[in-house]
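Two complexes come next, and they have one chain in common, chain A, joined by chain B in the first and chain C in the second.
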Partner chain A sequence: MNRRSLVSIGALVLGVGVLSASLVAQQVATPLAKPAPAAKAAAPTGKPYTPPTTPDGQPDLQGFWTNSTYVPLERPQGVTKEYYTPAEAEAAINAAADREAEQTEPGTTADVHYDFSQFGLDRSQSKFAASLRTSLIIDPPDGKMPPVNAQGQKRAADRAAARKQAGGQYDSVQNMPIGSRCIIMGGSGPPMMNAGYNANYQIVQAPGYVMILTEMIHDARIIPLDNRAQASQGVRQWTGLSRGRWEGNTLVVETTNFNGKNPFRGASENLKVTERFTRTADDMIDYKFTVEDPATWDRAWTAEAPLAKTDGPIFEFACHETNYGIPNILAGARAEEKAKAEQAKKGSN
Partner chain B sequence: MRAKLVVVIACAAVLLAVGQVRAHHAFAAEFDVNKPLTLKGSLIKWEMVNPHSWFHVAVKEPDGKVTEWLIEGGSPNQLIRMGVTKNTVPIGTELTIEGYRAKDGGLKAVGRNFVLPDGSRLFLGGSAPGGTPDKK
Partner chain C sequence: MRNRFITRVTVAAVATCIATAVALVTAQTPGYRAPRDKDGKPNLNGIWQAINSANYDIEAHSAAPSPVLELGAAGAVPAGLGVIEGGTLPYNPEALKKRNENRANRLKLDPEIKCYLPGVPRATYMPYPFQIIQSQKHIMLVHEYAGAVRTIYMADQTEAPADSWMGWSNGRWEGETLVVDTKGFNDLSWFDRSGNFHSDALHVVERFTARSADTLNYEVTVEDPKVFTRPWKMSMPLYRRVEANAQILEFRCVEFVEDLLYGHLRKQPSQ
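Let's look at the complex of A and B:
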């Protein structure tokens, strides 16, 4: 695979990083074309950005956005600072892009896969949010998730035991991961996590509502803004139930009532996620989320995962209808069982 | 030197994170690492579907018999965003598929690499097959 030309990212990060050691986000064009010019994100005027408004007067967050990023959720081992220098960030991104583009070694498990690069699915081949941050997590200050408490560890052990009791992962479709079964993937959230590819969202606003559509897998969160009470605890959904409000130019969304079948980082069904969306430039939304679940972590934790403007529309991701991988995997597992049984029979004769 | 070390460590962590999020399902459970194959054939049909696209390829056996193989590739959404359509890879395009055969023994494989007659890898993000192929 050819090496991606990501030189401009360095310029981008440098350009904005000098202005401020705060969040940097920017679109990067597909690298086979010339990368986009740097930094519409933070104009050097010193004036605070004023977002446009919708006809009904809400700060306007509408459009197509991506949270694709090279910044890991947790700060890497050995890194103690909150921000890289522009040169370090550039090197990290270039090295990661090169590694993504490399061919895997034939005959290894990793090689049993299509080539992401040939399908335009490397992160460097589409727009992504660049940042000097060394981790998405900004609190705790060490950039790492707080340790899982005793209650959370017990629940993890119970879940593992239940999975074991249900049999092998490929014994039945119900035992397979819910993402593989096209039920829900990590991008939907909340919190909205980088899906790895197709990490795109559309935000639509109407009087009294905000809707966030996730490309993978087509989950639409409809968030009322009318201060209505949360639904009863008995009403639980895959993406929880969200309630929103404006605090100045920041959209604050609180979500509870998760169904517990898609535990975010091992959380319980009583997880509470508070998201904050602030448009800080025409092409950037500062997206922060705080996770609270005393049944899993003794303290809340917060991450900052910028949304960079990208091209629309959101394309259909009709996942279930043609998810041929599931029957293929189950048929493969049965074929292996049969072969082993025949082998054992031969051995006993 | 210290800065270099930091970057190297950061990259390792990034890669770890990538591995956790990028795979939709376990391809090594669907296809057999011990059954690598190379197929040569012509494209009959490209299913641009999710979560993964499928290429139908007519493969001529040594005895002259033609068999249809199904080859699994990637999600087409980003390609569509780049302007790629089904017409980008015309029916009849000659392809060499380097991949691994399905564990269930059917005429199915994962397409590790899609290679054009001139030896370049098909890069679908360009105006394939003639546009911006990816050199080996």
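Let's look at the complex of A and C:
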């Protein structure tokens, strides 16, 4: 990916936003820290946006969406304001895009692992949700996660000790990252966080249900809307169990019953995530999530990570079926150990 | 005499009818009309599951012991009358040989054992529920097993852009019936645990028809000229999971097979 086209892409995205007061301006117009009711997420004209409805009368969230973004979860060190100016936002995007470009151009870093432009890792090549926000976190107002409490710190230390006990990362498949093992990737959530690449979703609605398909590892989350009780705590899942309802034009989804094996930002298995989806334009869903876990943070925190309309379709992501990385890495590690052992033996002779 | 002859003919005809009925047990209940969705299409939304032993073997088969000694009766194979019209799959001779090899080595080769995506139509009759989420442009089939997902394009239809495990499905309504035409398969999935297989020339046409409030008729035509000498059909009922709290749960089986697939690459304790 060449640097010059990055600038122009960044400028174009921001330019369109500023000139037509659409995407970017709309983000600015979105009310500040407190969760915004749908009606207040004003369209450029100032009139409230009325989303289309499905044949059974639900606000229509269907289509293909992405939450790819250059906005970091936490406000960067030294930044104190909630929004950048368009010029500052462009500079921040370009700086981030530069770091991705470095990974792409041979010779710019010591270890080019992937060609970012080839594998969709360069976010600037795909649609991303433009925003002037300096952080996804909108509450606490400082844009940072609340401090981890004593209980959370103890759990983090216990988990670190357990990892150490289990040995090196390449000693066994179970010690390798969950994403590399094709079990689950960051985008599925909940909460749905941009996964770095392939941050694409498809929403399909049927009477009584909303389904959100995450491209990465074909994760389909089916959210029942019939006010059914949450399932027994005896059933716990990687993605928890979601229950949804419409509050006006906002889909509110509460999720608990996580299995704790893929802890979101160090949370416990008793994490509760509340998500709010509000379509604020034909090409934008305002997505906010609130994270509550008294065993980790003394207060709830909320982030806003909009979904921008993108093009379909979503292709099959058969991750595990062709996961050559795991056996090759493990085999490499065993071969290295064997070579070292033989060398040591030779040395001692 | 004449009467007796007629009786005999009638008995023979009835017997033929019964045989046909056995082959096509799920023949549609005449005249059943599914409730309509708000857009006027038959409403097939729901959580469905097959109740048969097709996932063990789509052909007729006797009960058999577990292929894993330790599982005893719990891992044994229940008998089945088969779901194939005509009873036997029309393999070409070379393919039949491969099927038999697959069957003999099924513990090593069956993609289900490795938690691989199940392919089509196997996904439909595995012993796990799946949910139909029926919208206008897209109908989603979300399977509990391995979280397999199919998108049926009712609009924006294209040829398969690439081969895949679950294929590329275009759908249409024919009266009461959702017809799903699927191509673009790879050659890696099986039809069952008995080694019945296909090539990347597989073409599957499925017909989903409501036969009562809580049952669907599922009919499939399979074409694969590289493997079979002619197209063949299977059919079975699908049953609605009527529990009020029924839902598709996670069966994220990758972590259940990691030691099976990669255990031999685990670091050995130093001697």
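Descriptive notes on the structure:
Here, the second predicted complex is superposed on the first by the 296 of 349 C-alpha atoms of A that agree within 3 Å, B and C clash if a C-alpha of one lies under 4 Å from a C-alpha of the other, contacts with A are read in each partner's own complex, and residues count from 1 in each chain.
Going forward, a contact is a pair of C-beta atoms (placed from the backbone, for glycine too) under 8 Å apart; a residue touches a chain by one contact, two chains touch by 3 or more.
Small disclaimer: the values here were computed from a predicted structure and weren't measured.
In the superposition on chain A, contact of A:Glu254 is made with neither chain B nor chain C.
When the two complexes are overlaid on their common chain A, residue A:Trp238 makes contact with chain C while staying clear of chain B. By the touch criterion stated above, A:Thr134 is placed in contact with chain B alone, chain C being left untouched. Contact with neither chain B nor chain C is seen for A:Glu292 once the two complexes are overlaid on the shared chain. Of the two partner chains placed by superposition, only chain B is touched by A:Ser180; chain C is not. In the superposition on chain A, contact of A:Glu337 is made with chain C only, not with chain B.
Once chain A of one complex is fitted onto chain A of the other, the partner contacts of A:Asp311 are limited to chain B, with no touch recorded for chain C. Residue contacts after overlaying the shared chain place A:Asn198 against chain B, while chain C stays out of touching range.
Between chain B and chain C, it is B that contacts the larger number of residues in chain A.
In the superposition on chain A, contact is made by A:Ile326 with both chain B and chain C. On chain A, the surface patch touched by chain B in one complex and by chain C in the other comprises residues 170, 182, 315-316, 318, 321, 326, 331, 333-334. Residue ranges of chain A in contact with chain C, taken from their complex: 54-57, 62, 167-168, 170-174, 181-184, 202, 204-209, 211, 213, 217-220, 222, 224, 228-229, 231, 235, 237-239, 312-316, 318, 320-321, 326-327, 330-331, 333-334, 337. Put simply, chain C touches chain A in their complex at residues 37-39, 43, 45, 115-117, 131-138, 140, 142, 147-149, 151, 153, 156, 161-162, 164-166, 188, 244-245, 247-250, 252, 254-255, 258-259, 261-262, 265-267. Touching chain A in their complex are the following residues of chain B: 3-18, 21-33, 36, 47, 49-54, 72-82, 84, 100, 102-106, 108, 110-114, 121-126, 132, 134-135.
Contacts from chain A toward chain B in the complex involve residues 1-2, 30, 32, 70-74, 76-79, 84-85, 87-88, 91-92, 95-96, 99-100, 103-104, 106-109, 111-121, 125-126, 134, 169-170, 176-177, 179-180, 182, 185-186, 193-198, 215-216, 311, 315-319, 321-326, 328-329, 331-336.
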